[in-house]
Amino acid sequence: MTLKQRLYRIIFESDTYTGRMFDVWLLVFIVLSIAVVMLESMPAVRELYHSKLISLEWFFTFIFTIEYFTRIYCAPNRKKYLFSFLGVVDFLAIIPTYIAFTFPDAQTFIVIRAIRLLRVYRILKLYHFVRAGNLLLLAIRRSLRKIFIFMMFILILVVMLGSIMYVVEDGKNGFYSIPLSIYWAVITLTTVGYGDIVPVTALGKFLATFIMLLGYSIIAIPTGIVSVEMSRTFRDRTESDKECHGCGEPNHT
Amino acid sequence: MTLKQRLYRIIFESDTYTGRMFDVWLLVFIVLSIAVVMLESMPAVRELYHSKLISLEWFFTFIFTIEYFTRIYCAPNRKKYLFSFLGVVDFLAIIPTYIAFTFPDAQTFIVIRAIRLLRVYRILKLYHFVRAGNLLLLAIRRSLRKIFIFMMFILILVVMLGSIMYVVEDGKNGFYSIPLSIYWAVITLTTVGYGDIVPVTALGKFLATFIMLLGYSIIAIPTGIVSVEMSRTFRDRTESDKECHGCGEPNHT
Amino acid sequence: MTLKQRLYRIIFESDTYTGRMFDVWLLVFIVLSIAVVMLESMPAVRELYHSKLISLEWFFTFIFTIEYFTRIYCAPNRKKYLFSFLGVVDFLAIIPTYIAFTFPDAQTFIVIRAIRLLRVYRILKLYHFVRAGNLLLLAIRRSLRKIFIFMMFILILVVMLGSIMYVVEDGKNGFYSIPLSIYWAVITLTTVGYGDIVPVTALGKFLATFIMLLGYSIIAIPTGIVSVEMSRTFRDRTESDKECHGCGEPNHT
Amino acid sequence: MTLKQRLYRIIFESDTYTGRMFDVWLLVFIVLSIAVVMLESMPAVRELYHSKLISLEWFFTFIFTIEYFTRIYCAPNRKKYLFSFLGVVDFLAIIPTYIAFTFPDAQTFIVIRAIRLLRVYRILKLYHFVRAGNLLLLAIRRSLRKIFIFMMFILILVVMLGSIMYVVEDGKNGFYSIPLSIYWAVITLTTVGYGDIVPVTALGKFLATFIMLLGYSIIAIPTGIVSVEMSRTFRDRTESDKECHGCGEPNHT
């Protein structure tokens, strides 16, 4: 077994002790590097520990850079890895620090650093979680078309209701424009209810009541769709998987 | 094939290349015209680009007017088209601009212009979305009677709870009248929770706690109704449609 | 057929034209009398039309009093009617006005007058709505025990979380006592979110985040319970009712 | 039957009249002692009745202490009882008062006293509620793995969305740091919507709209999971329990 193959087994797989240890450490580094990004964004912390956080940031970037190039080195198909979803995420996890070093407008790149969290997905992928996750994803994919139609319906509804409320509240009390009124309609229909925009006129309150009751009822639609598709997906899987025992997954009888 | 028939095929159907192109452009015009209505409602934008937005508004109205008369011209049954749901929507999509021109109290008619969004439905209707949408609609129609009873129950509940809170809060702290207290009860029961009206007395807070827990639980009722009806609808359809293969719809096994 | 029997058929049943007309008028009077109670509670309206509303109130009370005594007269079993749920509601619908006349502290009795709305139930009971409503009630009754356990769990959870937050926020920022903190915990867990009490400390916000995610997830439990019981109830009913056709109820195949 | 055995039957079981009376009184004492903890936390009440509440507190602690030692005395396996979940709860229910007496920093220990509420579970355990409760627990345990994956997904989502909003709102308007922005993202996604932090920029509001609609839709996922697992659990149980009649549980046909 060449070095390249051995590295591949450690970095990309998890069937050896070293491979599992690598996963654990990678997970630790990802979580810690996200913690550094968060701490850096807190004014009180940044003032006190700015230089230390920058050092830690460089340390994690250094680690992830080495890891990235090792992955490129030992990937069986380099091009495929580089342009795969996880390959791009690996790249985006290291590049912001270098850009922020060259152009010191660091702030804007903080977001991209948060993308590191997606790297956790690689580790999850290797373990049993993914099987149950795939069932979930399959059920969600099966209901996507219906959910999409539901969303189109919500969108049309929200534009209509927002326009009506704009006229009813006469462009006052926070309903200054149709887009703002639509923003309010979404807040109300989804039962979020910030309370930053609130109807003031009697008719506005009456319509708001109607929208709330509507939002309270139609949440049943996506829930119903997903329930039905999940029920079907889990049942199908149970039937086709009946020969596979003892893996702890409740889908096997 | 006469001109009338050819126009019919382009405007009303989507089985030709020209017909599909017509749909795409109509969709673009509808979305843009809604965007104009929205932009016009924003004070900052209106101040700067008022005349340009008016021109665009007339441009879209002109297009939709031509389209409307062409539809009348080539409809096989003109009276049926004119008084169909989509025919009325087509009419309401153009009339506000002409009225606003004659009587310059434009504001009030903005709402009606938002109805143009419903025209999107015509285009959706022609494509595959509608099949899944129809299944949804069928399931919803089947659960309507039960949802209606649930809504009656919620209405009675909300009037009673509102009246009690009006007395408990003694007509103060935003609970100035029974209708306002009902408005609060709806906000609380549907878990919207604006926070514009909030109980202040200890007893009021205790009752509010009870209403919140109630609202949190009874949302299970419409959800349960719709889930069950969807489950039945999708199963029925699957059984009766078994001969129809390969359309990508997951309802076919 | 005696007068008593004829009156019984009109007032208590709905299988004659006169009986149905009686129901319609009763419904109208109930809704109008509730409207009067609401209008009277609105300060602006009360100031202007106080005497007119009082007259209307007496008019409706007069009508309901006559109806009440006629019901007593023609009920086959008077004692049973008087102490039945609807008999008590009929009594509570007329008594507040008389009490408010004797002791002019009317305010407190407004609530009891809102109970008139429950009289609508009598009319609904006579028509087809009740069949679907009974199915709903049966499903809800079947899930009550499980919902009760869920509510016990929520109650214990909310008391514990409220106590923790009281200590975390150190009795400040609205968390002045454990009952108030429990009130906040219910607002947060049920996703109502008034925003009248809000955590201020970092630890308080962290815990709040946890409570929100918990509330967002465990709403699945009552929903799941009710969905399953409804599914079973509707299926059972469908099987036992197969002989009864053509009533428009989707439970019959 | 020795004294020890007789005491065991009264305290730990509920198949005798004395045992049931013991349960009722224990329940009363637990609820009252929680009420005392709550009252003590209310500034207005504490000022007036401080010494009386302290006396009551000592009274309940005294009762629970006697009960605790009697339980230890008559438990068949003392070590097992002492380290069982309910044994630890019994211990934690009495110890705070003694600690608060020795070190008068009582405040912090109030939380631990609230743990007494968990003792209610012992009493519930003895009665029929638990059977339905166990079915619920089984269904929840079966769906835990999928719920966990869902929660991981929500966590990653919320960190990403919070980071994006931190940049979009430019660290202003309450979005002062990434953790605070994540706190806002959880408030919005779970549809709690306090309104203490609210987007101010147009882009921020647009993204908030998107997050609300997302939160409104993905609540369908845990609901779907739990519904499906409950459906399966209740069905399995029904089939295996068919021989057990007449216990009032709807799971038996």
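Should a chain be cited, it is by its letter among A, B, C and D, assigned in written order, with residues numbered from 1 in that chain.
Rule of thumb we're sticking to: contacts are C-beta pairs under 8 Å (C-beta built on N, C-alpha and C of every residue); 3 or more make two chains touch, one makes a residue touch a chain.
Keep in mind that what you see is a predicted model, and the values were worked out from it rather than measured.
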| item | value |
| --- | --- |
| A-B against A-C, pair bridged by the larger set of C-beta contacts | A-B |
| Superposition of chain B upon chain C: rotation angle, C-alpha, nearest 5 degrees | 90 |
| Repeat of interface C-D, chosen from A-C, B-D or B-C - more than half of residue-number contact pairs shared | B-C |
| Chain whose mean Cα position lies farthest from chain D | B |
| Proportion of interface numbers common to chain A and chain D (over half same, under half different) | different |
| Rounded Å distance between chain A and chain B, as computed from the means of their C-alpha atoms | 29 |
| Rounded Å distance between chain A and chain C, as computed from the means of their C-alpha atoms | 41 |
| Sequence positions of chain D contacting 2 or more other chains | 150, 179, 191-195, 215, 219, 223, 225, 227, 229, 231 |
| Chain C-facing residues of chain A, complex | 191-195, 223, 227 |
| Residue ranges of chain A touching chain D (in the complex, touch as defined) | 34, 37-38, 41-43, 107-108, 110-111, 113-115, 117-118, 120-121, 124, 129, 132-133, 135-136, 139-140, 147, 150-151, 154, 179-180, 182-183, 186-187, 189-196, 215, 219, 222-223, 225-227, 229-231, 234, 249-250 |
| Chain C residues within the chain D interface of the complex | 142, 145-146, 148-150, 152, 156, 159-160, 163-164, 166-167, 171, 176-179, 188, 191-195, 198, 202, 205-206, 208-209, 212-213, 215-217, 219-221, 223-225, 227-229, 231-232 |
